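Pasting the structures in now, so scroll down.
Both of the next two complexes hold chain A, though its partner changes from chain B to chain C.
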Partner chain A sequence: MYYLGVDVGSVSTDFVLLNKNYHVIEHLYLKTNGKPIDAIKNGLSILGQTYNDKQILSVGITGSGRSVGGYILGADLVKNEITAHAVAALNIDKNVKTIIEIGGQDSKIIVLNNGIVVDFAMNTVCAAGTGSFLDRQAERMQIPIQEFGDYALKATLPLRIAGRCSVFAESDMIHKQAMGYNTPDIVAGLCDALVRNYLTNVAKGKDIQESIFFQGGVAANIGIKASFERSLGKKLYVPAHYGVMGAIGAAILSAETKKTNTSFRGFNTCLSSFNSTSLECQDCPNCCEVVTIMQDNNTLVGRFGDKCGKWSENNISASGDK
Partner chain B sequence: MIVGLPKGLYYYKYHKFIEKFLDNLHISYLTSPNTNKNILNEGIRTCVDEACLPIKIFHGHVSYLRDKCDLILTPRIMKASDGEYICPKFCGLPEMIINSIPELTTITSSPLYLNDKKKIYKWCEKVGKLAGKTPSLIKESFEDALKYHANEKQGLDDEKGFSLKIALLGHLYTVYDNHLNMDVINKLHALDAGVITEECVKMIHIKSAIENLVKKPFWSNMIGTLGSGVHLAQNNLVDGIVFLSSFQCGIDSVSIDIMKDMIEDFPMLVLKLDEHSGQAGMDTRLEAFIDMLKRRKLIDLDISTHG
Partner chain C sequence: MILTFPHMGNLYLAGKILLDALKIEYIIPPLSNKKSLEIGSSISPEEMCLPFKIMMGNYIQSIQQGADTILLVSSCGPCRFGEYSELQMRLLKKAGYSVKFILADLPDQLKSNDHICGLDALFNETSLSKPQITKAVLRGIRAMNIIDHLESKAHLYAGYEINRGESKKLLKNALSTAYSIDDPHGALAILNEYKTKMNHIQIDNNKSPLKIAIIGEIYTVIDSFSNLNIEEKLMDYGVSSSRKLTPSWWIKDSLLKLIKLNGIDVKRFSKDYLSYWVGGHGRECVAEAVMAHEEKYHGAIQIFPVGCMPEVVSKSILPSISRDKDFPIMSLVVDEMTGEAGYTTRIEAFLDLLERRNASCTI
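The block that comes next holds the complex of A and B.
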């Protein structure tokens, strides 16, 4: 019997199955590719080959695509990423004080005291210090993102790259490349720039105490980890399932709801087709962009995006304390 | 003659006064609708790119009224209180508008000093004269509107019924424009959090909260926001602060940091607003912040029962 956790993020959609002791039995890390519904279906179809609906005790979902995803899955719990990440880290170490989480489009710092989130911050307006930015730069330099960190460690002198804005960083890098500097030094400079941006923007004024967890997709990058440790003079702990911590947290939180019957719609949901159509509601000057999601062209999954609630009020409620 | 009232910037603070004044003078007026997608788009299209979102939205409102009335009130606010300054964009607002919006009807461009009753009267007198009203009627209408305004209760202070209380701070045109702030007040209510705004904090408390600063802040916007936030936090009158700030706001960049410094580890969430309409980022931050406050309360309760 398992708890299913899903994290629908900007870059990846992650699935985990936990057993009753909250150990990870299965994990999937799938690219979202801008199509969260397809990614969810894909995950369900992979898991459905090995597991059946009766083995699922509860379903929790988090991530930026959680509200729509919650309807499609029939989630028992829909929760924000901050709480999910904190719960997952606490499950490994009750004394965790700081969580550095860098994902595709978000970067966060979570400060805990006695197992409770007491402060957090997220990047405000700009995605300069996040995974998408690294992805893009890796692609531009034709380095597979998996090898990015290794390149950084080969550097002899990390170059200074402007880090406060990804446009500035990119032009700075291009200029350094044009001057003939070698790639590892530029890559290491980029890691330093990202870390500098994180510490002066997201983590500004926060007391970073050990033990420090480093999670999210970017934690795979040993160059960034090394750069953090250099700047902070402290060790970072990267948990084994660093990339799917949000999903783990969502699974644990769903287990904690202690519902006797899950509202999970089943693995066969992956066989359905989901179509979305958007319309601009003309009933008032707000002109909300309302999206309607239909399952197999005949069942309404839900409507989202309206300000007044006229369209979304008829959605069958997905659980969670949203 | 029809006077246009753009629903942006200090409209939210002074509209009752100006409406009363125009009513007294028997001048009909047209208010632009609540900010909506078209107004936002129009504002962004016409306004200079570097301006903040509230200024762009104001352009959108003016543009909406552009061919529907004979005079649009675009106050050039020079000062709000003695010894204080206001964001320089207000001082240049008429120029920004005239040079950005084509085929514009007449707009007001005379300076408005809100710190001096005589000067406010002068500004109002000009508006009245443009409509061909007599000085005695203008004077009478002005005095009456002023009295009416003084008796109007301003601000929001939710009574009991919510499990948390949040100080919702920021320039009042970000606090009250539901489109600009993605309906933050209703979102907080839905999360079981009541709201108090800076107008509900007495001036004496605002002043005393910031009297120990090395230097008196000279931005009017900053004094109200900072003083009320610090007062509410230090006296534990709220559970947390939500600070709404327009992207690129220079005054806020100072206010927020001084506030953080003064309230130390008191919970504060800063929301940067720009032309986003996807709500996921906002919802995540609000939900996580409220979650955190609720769980902090649980620890506090535990401690008090043991101690």
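The block that comes next holds the complex of A and C.
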């Protein structure tokens, strides 16, 4: 009997199955590729080969695509990423004080005290220093993203690169490349720049105390981790399943919502086709962009995106969203 | 003269009642939406604040319907808002629109400009006698007060109401019904009627909902389009919210300023953290955070547009208040982005945080 957790993010869509002791039995890390619904279907079809509907006790979903995803999965719980990440980290270590989470498009800091989230912050208007930017730079420098961190560790002299804005960082790097500096030094400089940006922007004014968890896709990058440890003078702990912590949190939270039966729609949902049509509602000057999602062209999954509730009020209520 | 004015929350309704009472022809721009923002940003300086851009959109949408005069409340004001009138007039002229501005507090320096006039230009347009004008103005102010009252009650009751969603529905009905009536007397009567209804909503005083104070830059806290409907979202979550900055507060504050009696509370509550007026409503923001803590709110949310100088000052002071008083405060910066995902995540996580502090549990 398992708890299913899903995290629909900007870059990846993650699935985890937890057993009754909240141990990870199965985890999937799939690229979202801008099509969250397809990614969810894909994940369901992979899991459906090994598991059946009856084994699923509850389903929780988080991530930026959680509201629509929640309807498609029939999730028992829909929760924001911050709470989900905190719960997943607390499950490993009750004394965690700080969580640094860097994902595809957001970076967050979560401050906890006695197992309660007491403060958090997310990057505001700029995505410099997140996974997508690193991906892009790795691609541009023709370094496989998996080896990006190793390159940084080989550096002899990390170069100074402007990290405040991703566009400026890129021009700075191109300049340094043109000047003939070697790649590891540039990569290490970039890691330092991103960490500097994170600490002065996202984590500004926050008290970073041990133990510190580093999670999210970017935690795979040992260069960034080393750079954090150097600037903070503290050790960072990267949990084993750092990339799917959001999904783990969602699964745990779903397990803890008191509910007799799961509303999970089953693994066969992956066989359905989902079509979305959008329209601009003309009934008032808000001109909301309403999207309608249909399953197999005959069943209405839900309507989203309106402000007044005229379109979305008929949706079957997704549980737990707050 | 066909008058128009920019939007700011529900102020348009009070404006309509005032102009109906003054018997002046007017056009109310379509409620601020993506289109107005798009039009506005296309001719505004890129680094200008969000309210400026939305207002430009409002003007142009009105001008396209025939408006030729714009009514604005302030000039030479406390922050960039003080430059709005002149800058907006120049930009409109550049874009090929020739319009007049009527400013409520016209400074001497601008009097030589033919396209900027004081409030007397407005009153010259009406055929009413002076006492009648006074009566009309008072009626407009009365309408504004009632609308602010309705809003604040609805936001407060959202956490206590027995029938979930009742106060939100009542507020919406009040606004739309009153808007559909062109007779100022009738519209005011409708508002009064809804005021009574609002005061008689069934509430459960045993409930202890989360209570959040909304603080920050005045336009973005009042205007639901620019703050992505935060107050309505909080109402949907069953959270009680309140904000001190309202159009009524602004009028009262401006009048008291004339006799230097404004902001007594603000000075008192901000004295430990910010002892200067830093422009805009930066000092108010700091004071309101302290006040919210003393009034036993659970937390506060600060909202301001990108690049708002006064609020940037207060934003850097808020963490100290938060630390000293163990009082959670979250800052939200709004800009031209209308994607709500990240915004909703922050609000939801903040509510989770407040809830867990209240009663420690996993969910």
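One rule holds in what follows: the second predicted complex is superposed on the first by the 321 of 322 C-alpha atoms of A that agree within 3 Å, B and C clash if a C-alpha of one lies under 4 Å from a C-alpha of the other, contacts with A are read in each partner's own complex, and residues count from 1 in each chain.
One rule holds in what follows: a residue touches a chain if its C-beta (ideal position, glycine included) is under 8 Å from a C-beta of that chain, and two chains touch if they have at least 3 such contacts.
Here the structure is a predicted model, which means the values were calculated and not measured.
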Side-by-side fit of chain B and chain C on chain A, or clash: clash
Touched partner set for A:Glu81, first chain B, second chain C, both or neither: both
Partner chain in contact with A:Asn261 - chain B first, chain C second, else both or neither: neither
First (chain B), second (chain C), both or neither touched by A:Asn298: neither
Touched partner set for A:Phe120, first chain B, second chain C, both or neither: both
Chain B versus chain C as contact partner of A:Thr156, first or second or both or neither: neither
First (chain B), second (chain C), both or neither touched by A:Lys307: both
First, second, both or neither for A:Cys287, with chain B first and chain C second: both
Common interface residues of chain A - those touching chain B in one complex and chain C in the other: 64, 79-83, 116-120, 122, 124-125, 205, 284-287, 307, 322
Partner chain C, residues of chain A touching it in the complex: 64, 77, 79-83, 87, 106, 115-120, 122, 124-125, 205, 252-253, 256-257, 284-287, 307, 320-322
Touching residues on chain A, where the partner in the complex is chain B: 64-65, 67, 79-83, 114, 116-120, 122, 124-125, 205, 284-289, 307, 322
Chain A contact footprint on chain C (complex, rising order): 30-35, 225, 229, 232, 237, 306, 316, 319, 322, 328, 333, 335, 341-342, 344-346, 348-353, 356-357, 360, 362-363
Residues on chain B engaged by chain A in the complex (per definition of touch): 33-34, 36-39, 179, 183, 247, 260, 265, 267, 270, 272, 274, 277, 280-281, 283-285, 287-289, 291-292, 295-296, 298-299
